[in-house]
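Both complexes below contain chain A, partnered by chain B and then by chain C.
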Partner chain A sequence: MEKLLSLIIFLPLITAGVISLIRKEEVAKVASVVVSGIVFILSLVLFFNFDFSKPGFQFETKIDWIPALGISYHLGLDGMAISLIVMTALLFFAVFVWSWRVEDRPVLYTALFLMLETACLGVFSALDFFLFYIFWEGMLIPMYFIIGFWGHERKVYAANKFFLYTFFGSLFLLLGFASVIVYGYFATGEITFDYIEHLKMGYPLWLQLAVFLLFGIGFAVKIPMFPVHTWLPDAHVEAPTAGSVILAGVLLKMGTYGFVRYSLPLFPDASKYYIPLIFTLSVIAIIYAAMMAIAQTHIKRLIAYSSISHMGIVTLGTFALDKDALNGAVYMMIAHGLSSAALFFAAGFIYDRIHSYNMDDLGGLARYLPNFAIFFMISGLAGIGLPGLAGFIAEFLVLLGTFKAHPVWAVIAGTGMILGAAYFLYMYKRVMLEEDTIPDSRKERWAKLRDVEAHHVIPFVLILLVAFIMGLYPAPFVRLIDHTSKLVFGG
Partner chain B sequence: MEGLVVLAAPLSAFLLIGLLGRYIGDKASGIITIVAGAISFLFSIVVSFKSLHSPVQIKLYEFLPLEGYTLTVGFYFDALSSITAAVVTFVATLIFVYSIGYMHNEFGKWVYKFYAYLSLFLFAMLLIVLSDNLLGIFFGWEGVGLASYLLIGYYHNQKKATNASLEAFVMNRIGDWLFIFGIIATFLIFKTLDIVEIFERVPTTESALIGLATLLLFGGAVGKSGQLPLHTWLPNAMAGPTPVSALLHAATMVAAGVYMVARLYPLFESAPQTLKVVAVIGGLTALFAALAATSHTDMKKIIAFSTMSQLGYMFLALGVGDMGGAMFHLTTHAFFKALLFLAAGSVITAFHHRLYDIYNFGGLKKYMPITYASFTVGALALAGIFPLSGFWSKDRLIGSYYEASFVWGLLGTVVAFLTAYYIFREGFVVFHGEERYKKFSEHEPQEMGAVMTVPMVVLGVMAVVAGFFEGWYMHAVGGEHKEIHLNIALTSVFVGVLGIALAYGVFVKRFLDPERTYEALKALHTTFKEQFFTEKLYHSILAAGYMSYSKVLYLVGERQFIDGIVNGTAYIVQSAGQGLRFLQAGKLNWYALGLAGGFALLAALLVFLIYGGGY
Partner chain C sequence: MNWNALLPELVLLIGTLIVFGLELVLKERYYKSLSLLAFITVVASAFSIFFVNYPTSTLFDGFSVSGFNLIAKFLLLAVTGLVILSSYDYFIKKDSVYSELSYLYLIALMGFMVMLSSENLAIIFVGIELASISMYILVGLFKREYLSKEGAFKYLVIGTTGTSMFALGSGLVYASKGDLLLGFRESTDPLFALGVLLLMSALALKVSAVPFHFWTPDAYEGAPTPTTSFLATVPKIAMYFLFVKLTVYMFSALPSWEFLIGVVAVASMFYGNFMAYVQKSVKRLLAYSSIAHAGYFTLALTVVDRLLISSLLFYVVVYALATLGAFTVLSILEKKEGWTHHFLDYKGIFREHPVLASLLALFLFALIGIPPMAIFVGKLGIFMGLVKNELFLYAILFVLASVISAGYYLKVIVYMFLHEKERDWGSTSVSAGESLALLVAGVFVLFLGIFPDTILALFLRFV
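On to the complex of A and B.
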């Protein structure tokens, strides 16, 4: 089992190497689908073998790497990590199936995505600061090229903005890691990059307060939190569909994952100290981003802002310092990963067929694309937290947990469910409905459109099925995630 | 186990039609919907008899582990829930049958979707009625919200319909937002979401929070039942097909708010302050909506306002402590209100869905005798005329109002008068007088087929006889038995007859010239018709206002301010000569620089903190 985890992480990277040597389009496509499928199945094997009644990290691997600096190849999973890994593997599989028809430089495209998959899986499993940071930065480069090569009109601007922003955040994170390592050296006389070792140290308050901010900036940019969020809408607008799906579904979760993995357990006192700050930013994000969303005419920009709004719920739940709320926050990471991925797929489908993201150019599509209309609607309902889908359980847990100690914050944050319904249904209306308001020439064009094909249906069905399962039978998933909450809060 | 069939039948119908509808066709979809509704009804009858004296609770599976409590999905069948389920499924099934006629040749090839949505609607409503825990109720709660969104916006090519469905969903979500916090607060007080356990714990729990929790829960009911101030979606929801209006107003959706308060009545009773709020909101809405109904001319909107008003009646009854009466009125109202809508739908179908304004009809009684009779029976029941069902339930409510306070009683009487007036105004204008429709249609209107008339006749019979079951109903649901106060009964019937007489005098005999009266009362008329301008206010300030604030905030706050700072910074870095070239040329150097810089900063920080700080 321990080796399986390493295999899962590096299988995509190895495949990327192989296909870039073979350089054949068909091979690349088949290999990417098959390998990501295998990775998904193997991640499920881990998932079903995970014993959530047993505390602590599981499937641990620890091999000395640079002993002089206390750096080791240290991997391990807890309930949150295994959930995120399964979700990541699922989304990458979906993305490769979706990209079946990619024509522009397909070999490079699949290779970059496979590299990205390794980086993403690595981030969620690394238990060594150095290893984590490598994976963390490792995801930056493939994503930069994906946006820069396969993006739309302003792709270079967006790619640079994405890179500079996240790189800027990463520097603070690096500084944060450096600080705690240096502190560890002074406190214990040994240099160690090991997460578990640092967990035992119990940093003094002054260090916690300072380093929390360094980590916090690094994670906040990635999530992204208000006010360092403006890179995300631009990146999404320009990114190709598959890039957006991974960006929203997986990459954003790295920031929130970082908060739960590092900030909460390493800086428990600082986490308490900064509650007002984080709550303020979270609630602003929820409401402000929802307002930004409804002001858009670009489909992807709207979905991007809705992501920022949802991430506000995650950060709120994380720092409510309550078990239910934390469970909800992690649940939201998964739920949002699924719903935003499905929504970006939907946006991508519209672009594939009509070559526009602008709602003013659309309208009345529901009659011509009936199957797509259903997928799009369910994806949106998953996003706005309709009961029966995963998002509702997440929202409910976060609001419940936050309400216990901070009822006013919870009630204000809860307005997100009203605003969310407004922006999604408003978009759906403008894109899919009101056929009577569009010109006849457009109707003629619509009549020739082809509805979803197999390589669209598979990703939609897989993702939405999981969203339904998690919405209708949440008990096992909540117990799994609770494994992490126990790690953070004890008990 | 019979209880689960009640829920499973409409759910299966929804899934079956949703997945296979386009292959099996509209007719088969319609039949599946009807059969599922009928099965659900039959089993709910069986369950009613079983659970009348000994309530049954079925637990299904562990749903959600919370700190200190694990929620299990389950259903609770007692007299209240199972009788309500029977009424809901009965009325719904008749409406499903009627839909076959109404939706014939409607809106191209998408009718199977309509049946799927109807089944979903029924399932969600039954979830509210039968769930044994608050979260289950919330699932149904949002489920009816979704189903109503889909059904109100069924003619989704029209802007009117999509706007109305969007408004309905968002406004319901405002209520749901309050409701979910009501659930959370209730959970924190009682440490359980199971309603049976909550009832057990109510007598022993002292908490200042109960008032707040019940108030929030009631907020949900306000949204769902279209009470003030979350009322504007209800009349606009008439944009949907008429069977939807009937379903929405008789058996599902709006009834959910009243039912929820009745279901949780032991909890509400422990919060007398909240009950006062319930009474005030209900009373105001009853009057407000009745006034609005007197001035509207849309065939369906008048009935919609009537529903709002009658729901206000029920809330007022809940507020003054007569839970049994409120639920009984909900039941009789389901019959006669469904009947009124179906009769209205029959008229609309006769004119091929083109005419809606009551002044465009006229003189229909000789062409559509069954519809005319149905409408009249429904109207008489609504007006509370002896011995129809509405008389019994309404009389009981007004009696309760007078017991609580004279003001409430007087309000009830005034609303009863207005009710009789507005519904007979509609009836007289549509079915009597000159045949104004000839301007719009060459064909003579005629009665629709049996699929439409039979449901009306059945509902008509129920609207007449349901009142006689008052004693039995009160005994079953545990409402207190009340003697009829002869003076109140006589007064109510008298004001009802007075209202009818007024409508007859104005619109048939024309003692007053309607046009001149209209001119004289124009200001008042407009105020009523515009619902005291609440709708305009909401639309301009809340809906349009929210949009424009958002747009301005986006253009100024986001684009100019935040992004301006970012791009400015990037520009400064870039013009310093390096910037992007760093990234492209020497990524490794940049990393190394960052690393070194980071360590330098860190060292400085450490030195400062260790030697300079106060730690």
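On to the complex of A and C.
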């Protein structure tokens, strides 16, 4: 089992190497689908072998790597990490199936996505600061090129903005790591990069307060939190469909994952101290981003703002310092990963067929694309947290947990969810319904549109199925995530 | 007489003489074969290192062998071998073959090996001089080009100043101590201080640290690109091994030496990084980046610490590999008619040469210090070492300078990948030697990033 985890992480990278040597389009496409499928199945094997009654990290591997600097190859999973790994594997599989028809340089395309998959899976399983940082940065270069090569009109601008923001953020993260390692050296006389060792150290308050901010900036850029969120709408608007899906579904979760994995347990006192700051920023993000979403006419920009709003709920739940709220926050990471992925798939499908993201060019599509209309509707409802779908459980838990100690904040945040319903329904109306306003010439053209094909249906069905399961029968998932909450809060 | 201790040098010397003799007879037509012969000599010499018994010394302690020296020699030989392989096709394609090249590299290498084998300042001086003179010729090899001549002349004038400073410094140290062998005890004698100061300046000049950097951009730009890749790698490795040795056994005997080196280091880091931003030519940009790197490296010499020195040497080696790779790509591109290394020339070359562009991007990303490339480990080691010794100010300045440097490397990458092509350059060809050099450099930059312990542990053992 321990070896299986390493295999899951590095299988995509090896495949990327192999297909870039072979350089055949068909091979690249088939290999990417097959390998990501295998990775998904193997991740399920890990998932079902995970024993959530046992506390602590499981499937641990620890091998000395650079002993002179106290660096080791240390992997391990807890409830949150295994859930995110399964979700990541699922989304990458969906993305590869979706990209079956990619025509522009497919070999490079699949190779970059496979590299990205390794980086994402690695981030969620690394238990060594150095290893974590390598995976964390490793995702930067493939994503930069994915946006820069396959994006839309202003792709170079968006790619550079994405790179500079996230690179800037990770430098703070690096400084944060360096500070705690330096502290560790002077406290224990040994340099160690090991996460578990650092958990035992118990930093003094002054260090916690300072380093929390360094880590916080690094993670906040990735999430992204208000006010460092401005790269996200641009990156999403310009990125290709598959890039947006991974960006929203997986990359944003790295930031919130970082908060739960590093900030909360390493700096418990600072987390308490900074509650007002985090809550203010989260609530601003929830409300402000939702308002911005309502004002958009570009569907991808709208979904991007809705992501910022949802990530606000996650950060709110994380720092409510309550077990239910934290469970809700992690649940939200997965629920949002699924729903935003589905929504970006839907936006990408519309663009494939009509070549526009602008609501003014759309309208009344439900009549011509009936099957797609259903998928789109369910994806959106999953996003706004309709009961029966995963998002509802998450929002409910977050609000419940936050309400216990901070009722006012919970009430303000709750209004954001109403806005969520508003912007999605508004978008759906403008894009799929509203037949009266579209001219006849358009109707004629749209009569010939092809509805969803197999490589569209499979991703939708897989993602929405999981969203339903998690919405209808949340108990096992909550227990799984509770495994992490116990780790964070003890007991 | 202990011949075994001299084995690598002897093999190299014999090979050099053979190449030299053959060149007199064979002339330009056989340039490629002569280069190959030079490469074989280097390989044989590198192989012979494994048969040397150490530690030992010969020639009345003027020539000593230790694990530290042997590693240095092996690395020098390896990198020189790659340079020789990557250079021959460039000169053939440029239609300016000077078959002296094949043995000039070897003689310069010989100089460095002698320099590293001795603990005696006089012999170190002889080694430096042998290497320097060969390198002046190497830079000025394009007799018909103004830039090449200008670069060589500047290099000659400033380089000679450096060697004379070294000679005078050694003389003053001898006057003060009555001994040229390294391993001095702390002393406040003004003669000794002046001598050490001169020696330090000479070394700073050779590694192109501020304020002795003026020759670097011109020599780098003027020299034929494969020679630039020699200039940017082999002397750097050799000089830092020497720098480490002198710091440990000599500079640290001078009170407040840390401060002197610290000032030079900080000035180089920031000067190099800021100047790199205003460069229009990628070749000059890399020259300024090497000044900045000289700053990082000398920063690691502000205190004698095992971790710091090992990280420094590790960093130098991977830096040499990444730089070698970058310059090899540049020299391949330069085979195109009219290529000037101006930024605009690089627009959109990814479309035409996806592999070359990706490799250059890899080396530039490595130079920024992005993991998993090896330089990240080097930077991390230096940072941790500085912090360990409570040099927090230096550590912070080091991080700051590294961050600043990211921008100009990225600029090249952006031009290559994300801009559209404006002009058709025609094709270029990659020779077998060049592809081998690129492959080795690329693989090792990644491999040492993922398994740095293979070399780092070796350094830690012998330092």
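Here, the second predicted complex is superposed on the first by the 491 of 491 C-alpha atoms of A that agree within 3 Å, B and C clash if a C-alpha of one lies under 4 Å from a C-alpha of the other, contacts with A are read in each partner's own complex, and residues count from 1 in each chain.
Basically, contacts are C-beta pairs under 8 Å (C-beta built on N, C-alpha and C of every residue); 3 or more make two chains touch, one makes a residue touch a chain.
Remember, predicted model here, so these are calculated numbers, not experimental data.
K.L.:
Applying the touch criterion given at the start, work out whether A:G138 contacts chain B, chain C, both or neither, answering first, second, both or neither.
P.N.:
In the superposition, A:G138 touches chain C alone.
K.L.:
If we overlay the two complexes on their shared chain A, which of chain B and chain C does A:F10 touch? Say first, second, both or neither.
P.N.:
Neither partner.
K.L.:
Which partner, once the models are overlaid, touches more of chain A's residues, chain C or chain B?
P.N.:
Counting contacted residues of chain A, the larger count belongs to B.
K.L.:
A:P204 in the overlay: touching chain B, chain C, both, or neither? Say first, second, both or neither.
P.N.:
Touch status of A:P204: first partner only.
K.L.:
May I ask you to decide whether A:T437 touches chain B, chain C, both, or neither, giving the answer as first, second, both or neither?
P.N.:
A:T437 sits against chain B, while chain C stays out of touch.
K.L.:
Considering only touches as defined above, state whether A:F396 meets chain B (first), chain C (second), both or neither.
P.N.:
first
K.L.:
For A:V182 in the superposed arrangement: first (chain B), second (chain C), both or neither?
P.N.:
both
K.L.:
Touching A:A159, do we find chain B (first), chain C (second), both, or neither?
P.N.:
The answer is second: A:A159 touches chain C but not chain B.
K.L.:
Just chain B (first), just chain C (second), both, or neither: which does A:L171 touch?
P.N.:
Both partners, chain B and chain C.
K.L.:
Just to be sure I follow: which residues of chain A are touched by chain B in one complex and then by chain C in the other one?
P.N.:
Shared contact residues on chain A (touching chain B in one complex, chain C in the other): 160, 163, 167, 171, 175, 178, 182.
K.L.:
Where on chain B is chain A touching in the complex?
P.N.:
Residues 22, 61-67, 70, 108, 110, 135, 138-139, 142-143, 146, 149, 153, 156-159, 162, 166, 169-170, 173-174, 176-177, 180-181, 184-185, 187-188, 546-547, 549-551, 553-554, 557-558, 562-563, 566, 570, 580, 583, 594-595, 598-599, 601-603, 605-606, 609, 613, 615 of chain B touch chain A in their complex.
K.L.:
If we count contacts the way the header does, which residues on chain C are in touch with chain A in the complex?
P.N.:
Where chain C meets chain A, its residues are 307, 310, 354, 365, 370-372, 376-377, 380-381, 383-384, 387-388, 399, 403, 406, 410, 414, 417-419, 451-453, 456-457, 460.
K.L.:
Within their complex, state which residues of chain A touch chain B.
P.N.:
It comes out as residues 160-161, 163-165, 167, 171, 174-175, 178-179, 182-183, 204-207, 210, 227, 230-231, 288, 291-292, 294-296, 322-324, 364, 366-367, 370, 381, 386-388, 392-393, 396-397, 399-400, 403-404, 410-411, 414-415, 417-418, 421-422, 425-426, 429, 432-437, 473-475, 478-479, 482.
K.L.:
Once bound in the complex, which stretches of chain A touch chain C?
P.N.:
Residue list for chain A touching chain C: 65-69, 108, 130, 133-134, 137-138, 140-141, 145, 148-149, 155-156, 159-160, 163, 167, 171, 175, 178, 181-182, 185, 191.
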